[in-house]
Amino acid sequence: MKVTICRKEHFNAAHRLYHPDWSLEKNQQVFGKCSNVNYHGHNYELVVKLTGEPDAQTGYVYDMKKLSDLIHENITNRFDHKNLNLDVEEFFHLNPTAENIAIVIWNILRNKIDKNLDLKVIVYETERNFVEYPGR
Amino acid sequence: MKVTICRKEHFNAAHRLYHPDWSLEKNQQVFGKCSNVNYHGHNYELVVKLTGEPDAQTGYVYDMKKLSDLIHENITNRFDHKNLNLDVEEFFHLNPTAENIAIVIWNILRNKIDKNLDLKVIVYETERNFVEYPGR
Amino acid sequence: MKVTICRKEHFNAAHRLYHPDWSLEKNQQVFGKCSNVNYHGHNYELVVKLTGEPDAQTGYVYDMKKLSDLIHENITNRFDHKNLNLDVEEFFHLNPTAENIAIVIWNILRNKIDKNLDLKVIVYETERNFVEYPGR
Amino acid sequence: MKVTICRKEHFNAAHRLYHPDWSLEKNQQVFGKCSNVNYHGHNYELVVKLTGEPDAQTGYVYDMKKLSDLIHENITNRFDHKNLNLDVEEFFHLNPTAENIAIVIWNILRNKIDKNLDLKVIVYETERNFVEYPGR
Amino acid sequence: MKVTICRKEHFNAAHRLYHPDWSLEKNQQVFGKCSNVNYHGHNYELVVKLTGEPDAQTGYVYDMKKLSDLIHENITNRFDHKNLNLDVEEFFHLNPTAENIAIVIWNILRNKIDKNLDLKVIVYETERNFVEYPGR
Amino acid sequence: MKVTICRKEHFNAAHRLYHPDWSLEKNQQVFGKCSNVNYHGHNYELVVKLTGEPDAQTGYVYDMKKLSDLIHENITNRFDHKNLNLDVEEFFHLNPTAENIAIVIWNILRNKIDKNLDLKVIVYETERNFVEYPGR
């Protein structure tokens, strides 16, 4: 009897998409205006989903308050009001596309949550652009 | 060629999280402010999903109007503007966490809908806290 | 050159509409299902608006972070996860309609904010029912 | 390491639900007010999801801008501000239920996107009525 | 001590913008794709606002349930799942722009609501196009 | 018989709040995490409101399509996917608070729109922080 619980958090960050080995022209051609050299930014919305059996006594799969705290400590406190390329070490050598942001967040959280709970991460870059990563 | 149809409904209810065998202190420790003795409340959003083959003549998997009526008769007419702990018998002896609310709704609706349609229930306690239950 | 800044916060609360001098039947007749004796509840959204001249040095009418803290200290810490009728003294003898909730919040905040800033309060009881109070 | 990218677009269209072999009465009985002979309309929201491995160099599963352009060229330029029954040939002999709209869109896009990417289509007829089609 | 109460309702309708004295070309030039001869449609959202003094006994400016019923009887029952140009007499000789829809709704409701309450109407044609009419 | 028409557009931008004459410490103290030296960013939503008499022939106060084009040409094409502090000249010597962004946008648009139409600008920095500027 597995239930999935979902917690939505947000962070506001600057980023720039580019490949360090490519010329400015090549980067503009591939990433368009997302490659603006002075960065641009987003209000990211992050949904973290955990799937497991509800505890018989509490009726909780996982305490939503604890999940929210865990996301704050490990993700939003480090990403919010930051420049992903310059301030967050996971993106010093990794292009901060929505896909890579979701993978990075999943990898960080996977180590903090009991393995008998399945983990899925959804990242909204805008209301109209979003990605889902269920892990490997 | 299976399609999933989804209908969203809502209900406004009071509830309190607690375990009857635990002290007030233990309940506060486990459930925090959700255990306030005088209750608190939510605008719940409920999404019901049915998966099956569209009918060749109507192009419907299931009539959305009938699904809405079914949810009203069996769920929202009984849950809306109620205290889940005191007014809804399924929660007289079951803690009304979002997880348990989704399981209860799934169990009620499963008996009312043809078994060749898969059923999934999503319950939003707030815009940021929600649960999904695909059934057993 | 006046600008209005707006901050949205939320709180989840139980309440019941009724008049203490009226019979149960009269209350049901006037307030319908909102008068359920065991309470029901809502995810309230609160928008607080302040109008004034932006400061020449900061470019702020009022620091949004300070406004958010002020609302937390004076309103949401006292209203969130509470029963408005039983836990919040302003409603011990005042019916907690959306209208009265907005007036109570305006009266509390008016005393905490410099008088050269105009104050307006909006309370969403649901996405479809909301009230606006610009003060006296 | 598969990631799903999602792009949301919209179109505004008129439609009418009916079966050409049935009487007006039978159509009204089955489709209710959705069968109004002079049509009604919706702001449709369309979500297209592609699942695959992110490219090692770009960090993209698929360029969101290209996906948006593809949807515009093949779907929204043909469906937006149109009457689905009268202006869009796929529905000349197919009832434009949300289910059939999703299937038609999936069939059109499946031919335009590399087969090693999984495709899923979600169509919102209203905020409260929506369908999901993951393909055959 | 005036408070404004607001009620949001919705209706789904087809329409076409055109001037009957103009050629097809002139209509296309002025109204663009909104002038498609076979109509298109929208999920309209309607907000009705009433401003007045809360009643001392109920704490209501106006019963939200009664306001909702009034809007259903006079507006949405007549507009929902209809073609505004062909099915709603107010638009037989009036172009159903969002501006004119708001004015028509205001005129209808003004006759049904006590004159000591101020009336304002907001019509959302889409999430991004909307109009406000406070009356004459 | 004045009606207000409203058009919502968006742009994604990076920015940093700071006063050039102040030390890093003073800027951090006043602007908190909004003063991060490497910038952060937002999905800004912009609402432009025009108030005037609907034209007798078209039923339009102003063509929404033309208003959208005007906003694109003068605002979003210049602000979207940019760093407001470094790429947009109006903010080279002006702190890009939401207040100042609204004033700058109003000043730009006021010169492009007929003076017999009233102009108001609303800027959402996040869903919970927004400002309104009705002009001088």
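So that you can tell them apart, the chains are marked A, B, C, D, E and F in the order they are listed, and the count of residues begins at 1 in each.
As a convention for this text, contacts are C-beta pairs under 8 Å (C-beta built on N, C-alpha and C of every residue); 3 or more make two chains touch, one makes a residue touch a chain.
Everything numeric in this text was worked out from a predicted model, so none of it was measured.
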| item | value |
| --- | --- |
| Steps in the shortest chain-to-chain touch route ending at subunit F and beginning at subunit D | 2 |
| Graph distance between subunit E and subunit F, where chains that touch are linked | 1 |
| Chains touching both subunit B and subunit C, listed by label | none |
| Geometric centre distance via CA averages, subunit E-subunit D, whole Å | 28 |
| CA centroid of subunit A to CA centroid of subunit E, Å | 41 |
| Numbers and ranges of subunit C residues touching at least 2 other chains | 127 |
| Every chain pair in contact, whichever chains are involved | A-B, A-D, A-F, B-C, B-D, C-E, C-F, D-E, E-F |
| For the subunit A and subunit F complex, residues of the former touching the latter | 10, 12-15, 33-34, 36, 38-43, 80-83, 86-87, 126-127 |
| For the subunit F and subunit C complex, residues of the former touching the latter | 17, 19, 30-32, 94-100, 102-103, 127-134, 136 |
| In the complex, subunit B residues that touch subunit D | 1-9, 49, 54, 57-61, 64-65 |
